[in-house]
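What follows is a set of notes on a single structure, which appears directly below.
Note that the chains are named A, B, C and D in the order they appear, and that numbering of residues resets to 1 at the start of each chain.
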Amino acid sequence: MSTPRGIQLGVGMVGYAFMGAAHSQAWRTAGRFFDLPLQPDLTVLCGRDAAKAGAAAEKLGWRSVETDWRALLTRDDVALVDVCSPGDTHAEIAIAALEAGKHVLCEKPLANTVDEARAMVAAAEKAATQGVRSMVGYSYRRVPAVALARRLVEQGRIGEIRHVRAQYMQDWIVDPEFPLVWRLQRSAAGSGALGDIGAHIVDMAQYLTGDVLTGVSALTETFIRERPLPAKIEGPAASSGLAASGTAEKGTVDVDDAALFLGRFAEGAVASFEATRFATGRKNALRIELNGSRGSLAFDQERMNELEFYDGRSADDGGDPDTAGFRRILVTEPTHPYVGAWWPPGHLLGYEHAFTHQVVDLVRDIGEGRDPVPSFADGLRVQLVLDAVEKSASSGSWQKVAEE
Amino acid sequence: MSTPRGIQLGVGMVGYAFMGAAHSQAWRTAGRFFDLPLQPDLTVLCGRDAAKAGAAAEKLGWRSVETDWRALLTRDDVALVDVCSPGDTHAEIAIAALEAGKHVLCEKPLANTVDEARAMVAAAEKAATQGVRSMVGYSYRRVPAVALARRLVEQGRIGEIRHVRAQYMQDWIVDPEFPLVWRLQRSAAGSGALGDIGAHIVDMAQYLTGDVLTGVSALTETFIRERPLPAKIEGPAASSGLAASGTAEKGTVDVDDAALFLGRFAEGAVASFEATRFATGRKNALRIELNGSRGSLAFDQERMNELEFYDGRSADDGGDPDTAGFRRILVTEPTHPYVGAWWPPGHLLGYEHAFTHQVVDLVRDIGEGRDPVPSFADGLRVQLVLDAVEKSASSGSWQKVAEE
Amino acid sequence: MSTPRGIQLGVGMVGYAFMGAAHSQAWRTAGRFFDLPLQPDLTVLCGRDAAKAGAAAEKLGWRSVETDWRALLTRDDVALVDVCSPGDTHAEIAIAALEAGKHVLCEKPLANTVDEARAMVAAAEKAATQGVRSMVGYSYRRVPAVALARRLVEQGRIGEIRHVRAQYMQDWIVDPEFPLVWRLQRSAAGSGALGDIGAHIVDMAQYLTGDVLTGVSALTETFIRERPLPAKIEGPAASSGLAASGTAEKGTVDVDDAALFLGRFAEGAVASFEATRFATGRKNALRIELNGSRGSLAFDQERMNELEFYDGRSADDGGDPDTAGFRRILVTEPTHPYVGAWWPPGHLLGYEHAFTHQVVDLVRDIGEGRDPVPSFADGLRVQLVLDAVEKSASSGSWQKVAEE
Amino acid sequence: MSTPRGIQLGVGMVGYAFMGAAHSQAWRTAGRFFDLPLQPDLTVLCGRDAAKAGAAAEKLGWRSVETDWRALLTRDDVALVDVCSPGDTHAEIAIAALEAGKHVLCEKPLANTVDEARAMVAAAEKAATQGVRSMVGYSYRRVPAVALARRLVEQGRIGEIRHVRAQYMQDWIVDPEFPLVWRLQRSAAGSGALGDIGAHIVDMAQYLTGDVLTGVSALTETFIRERPLPAKIEGPAASSGLAASGTAEKGTVDVDDAALFLGRFAEGAVASFEATRFATGRKNALRIELNGSRGSLAFDQERMNELEFYDGRSADDGGDPDTAGFRRILVTEPTHPYVGAWWPPGHLLGYEHAFTHQVVDLVRDIGEGRDPVPSFADGLRVQLVLDAVEKSASSGSWQKVAEE
């Protein structure tokens, strides 16, 4: 760039697969559409394989490369560490980064175990006292339609919430010949659909309601228990764990293909959740519906620019029952959250925009000295629910969600 | 009618509220569009209050009136008893009618208790040996889109079923001032949303999959625990228990407002069910989705002329992945179940048509000497699931569904 | 029926094909759900072929049969003549019936020519002075969602109307082997898609806006100019002209397969119309959208229980722009037009219900001494537009719609 | 960037308003997701006001600034001129750039007059002989769903095309107080809705069919003939001409608010077009439907990640009529056009992605020595149709579209 753009925020990103690509796009783009107090600089990308990391850095636009994440903690030009590596590495990296005074953006799930998540929360709270900020990457909160839904709930537009109904449905492993990628291995991924996509709907449900789940009843299922071992392949598609080809040899799937659970919220709502990779034809269908005493809201990530809102007020309460109906709000108006920085009404945003919004909010929080949300504590609250789900699925009984 | 229309089938109907109106329309209409081996005759309507029953008979087109259902059993001009009275009366009437050699059409749920349902099945099986037929009124099976869905499942179009996802959502008691009508009283209704609408989705799930639920995990909730006692009002709206006005005095709601449960099918599918009267904005949203190894199906009773079908076959298997997508089948083609007797393509059918189809199938089965479906045994299978749901909701644990 | 139901209204119906079946169902059903001042009696069905007419009468529930429509005019037990025969017979029958003092319900289009239509209007106006009523059967006006749309327009909910956008799309003759049935012959049908389905959208547009078209610019097209001559087949499907099989011999199609036209309304709105039988996959897609200065309305007959309404008011005007969106009103509430007589909310109505509503309104108008709408004059207004469309399509120039 | 990324392609962009922002995002992003033979370099941004252009360059990521577009033609580091200035400047800039040996990407419409457009085509054809490439920016062709639609048409999946039905509906000037911005002034914008958005649907219709319009019949309307003169405001919103505030003084609107036209294609299809800024509630609803002898396609830019496809083949032809229905293809599969470079299935793309795809194709064409499409000749073909529309709207008669 020819011209100085104010104080920079040096970013070091660990990992460069699916999430790394999404985060890179966000870091590159945020300042091009939004006014930021600090300008993100794509300072360093970190990956264990120097050649691959170098190629990724060139492709994604990072200035330099490291092969050991610890190197990021000692670099003066890195102010923030962005953790995009698999879940089993989150705790170690994030805690060390925070202790080194680096702000941290950590991909979800916060960790693979509750113990790790608790340690991360402790580290984040300690660091916050020094002005070091942390955020967990539940990016769907920053889809404009989701943020608008939260605004409407806060305004009391749907009243007291009775029902939450959430599904996250995909179908990428319906084929029994789809190989045993790392996302299907407990050692790397922690769990299957539950931690990968179930985590998103738990976070979104708690975010939208402003409430927490207190207990669950669950079942999990692995429909295909043996799969071909994966062939070695190259490129981001491979590392994403979402596309691959298999070999003749087979291995055991030790994570859930689907997790279903019922739940109760502290303030009285009841809920139904379903996370599955076997919903043939549903590609990335994160759906959530809230029914309240005055109205309802419904969202589907496959139509992420739309929010459905039902105004159920009686005529006495200002409603118009004769014309009541779920309205399809195209969430592309300048008054809608985040939208004003982008295009005119009716011009859609895509998947990666939520990551850009995440960066925008994080950089503003850092610049203006606020603690970002979702915090690590929010991330822990999700882990506690997932943990209860697994326990309930094992025991066949209702399981209370542990306190933080 | 001026002209003889062949052998008649004399019908005696017990009850004349919401279901009575729907059944009357079906008996009047079936022979006008379909060729039937016997012509239904609206012989006698039975209701305890002679004046009201007489008015209803005149309105709905019945030839005569009785005030005691036992009188129907001795009339030679009654060949079939149609039981549309509340659930707590079903067993006594249906069993007596079968023993008297009358065919029986019994509204759902089959009974309010499993014991009653078992006795009814025994009576039905005994009667069947004498050529006396019985059917339980899960009318939604005869919505053309639902029948088409079953046909596609039978043809293997969606392969092995992995997921069933069913909701029946209404919102007619969201207002806390809605009074304590009989449908909200355990003594008359047996249960709340569970038996009223939950029964439908259990039956539909078992019908569409051709499989049975073996276990469940459930929660039930009563959001509004006290409601105004109902004012005395007249007319069918009142007797339907769906519309009413209240008094100043309050009473206790002792049925569920919502019932949510997870389940497992014998052949391996997992399922999520939700029946609620608190889904603000959802009026009669009976929804079901099935995901299988080769495709998916989705249905919504609020768009009952449509069936969504996803053909998920690979190219090797004859599929065309590039154009895969949920297709909105407008189920109004002459080749679709029941449709040929009605209107040209694109001309919709309504709620009551399923009742007409029910009568058509029943009369044909009687005329041609077949046992109709859904049988009382099918009705019992639903009751056993509902019973397990209630037990699981009480215990907080997984509950096996009892054998018939 | 065993019981007297008040004063009867004897109906004589001419024709018994598709429309005859729909009208019969309406006459049979109206009094079963609605309170009527007179009870329709299915007195006599008239058809030229005694055997076929007799079979139809038995099937559809008519008491007696005539083979010459003139016989109806002299029967004392016939108070109303229902004209369901092809368009080229309407004028003669309707005028004679009115002159004989019979009320007339005449299927649309009112006539095949403007001259005939004018004569019918004159006869209707003369008869009206004697209390003899007439109505033309634009039944779609009585779909509850359409009637609700009109109510909202009248209430000013969409403000000043700018745009009307209407299509009536079918696809039943896409196959070039579909035979040359009477609906594809100018001598019997008058025109093709234009008069059959284009007439409906012209009437609906004029009805919903409360305005009249003053000029049009049109094109018409016949994609398949030769078709197999039809085989002789039996049954209602054949007589509907909608389904048939062909022979080896071919004949010339002399009507339009599709008619497209632009128009201007007296009060300033502009409009686009399209009627076609070649919209592959669209079965009975009568769609209309109105855009006004304060809001919009959209309707699709393939989802006839729904009305889409967009409230476009500014915040100053009582609107809520942040939640603005097309709302899907499920037009099944008791406060919606006609709905209160039927089922609870969310229970759909079908195609034939609009015919029942037509009968209800007509019988009430007769009983209460009002002139029904749509009047023959309304029917003429449609014919004048269709006439201008044909002239414009021939001349390639803008064509004014003639005054009545 | 730390690392060399191969041969660069220096870009000079003229204009920096709405289109400038979209193009900048495309130039920045294309190489981050796609493999390109040349790496775009955001070399210089050109704007008349040095301060504003400088601020824009910093914001959007351009290296340097010029205030006279002629300066770009002499810079060695500029290989391509990207013309994003208003339509009345296109011809002069584009022709000069081509003559200077610079590749040209020119925003649509190609020009404000047919004469200008013809001169541009001549310049482009001459330049092409020297390997200098040109493209007109009908970016919607590169929405994946649109490109997939074209692929399906080319494969014969919908057979012979009968109908094209296209609307481009917006509502941003419904309010009469919306001021007289440059887009509402003939001198700057050439026309109103017609040239701005009508041009898009004409191009898309010709692209998808692979056919050309030969004649049209049109009407245009200006609903609000006087509007407040605009207040001076700053920023991209102002320069986009899409948002503004007004003053007390009024001026005359001399462009169309809406343009409607019928058309005929060379190969026999008939068409209906509508471009309007008065479709209340429709924000950016570019819709197109094609009906063919074997199937249909439908697209709506407000749901731009979806394509609806109806497979209308008979059973003899490999179809399955019983399950025929419009299928909602979520155009997010790796095998769909452009999608493989982005995210996993079900993860949506947004408005600006089409601009990125435009850059990708253009850069590849340049690198690989091909003439890009849409060519200036394609752009001229659109202008000729728009010209015929205006003539027909004036004359009230059918208007042939001129030959190129």
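Basically, a contact is a pair of C-beta atoms (placed from the backbone, for glycine too) under 8 Å apart; a residue touches a chain by one contact, two chains touch by 3 or more.
Just so we're on the same page, UniProt names per chain: A, B, C, D = Gfo/Idh/MocA family oxidoreductase.
Predicted, not measured: the structure shown is a model, and the values here were computed from it.
Judged by contacting C-beta pairs, the busier of the interfaces A-D and B-D is A-D. With rounding to the nearest 5, the Cα superposition of subunit C on subunit D corresponds to a rotation angle of 180 degrees.
Matched by residue number, over half of the contacts between the chains of A-C recur in the interface of B-D, chosen from B-C, C-D or B-D.
Taking each chain's centre as the average of its CA atoms, subunit A and subunit B sit 42 Å apart.
Subunit A and subunit D have Cα centroids lying 34 Å from one another.
Subunit B and subunit D have CA centres that are 54 Å apart.
Taken residue by residue, subunit C touches two or more other chains at 282, 324-326, 330, whereas all remaining positions touch fewer.
By the touch criterion given at the top, residues 1-3, 5, 18, 21-22, 24-25, 28-29, 31-33, 54, 57-64, 170, 172, 240, 242-243, 282-285, 301-305, 330, 332, 334, 343-353 of subunit B touch subunit C in their complex.
On the subunit D side of its complex with subunit C, the touching residues are 158, 162-163, 165, 167, 171, 174-175, 217-219, 221, 223, 258, 260-262, 264, 268, 270, 272, 274, 276, 278-282, 289, 291-296, 310, 312, 314, 324-326, 396-398.
By the touch rule above, subunit D contacts subunit B in their complex via residues 148, 152, 157, 306-309, 311, 321-330, 333, 335-336.
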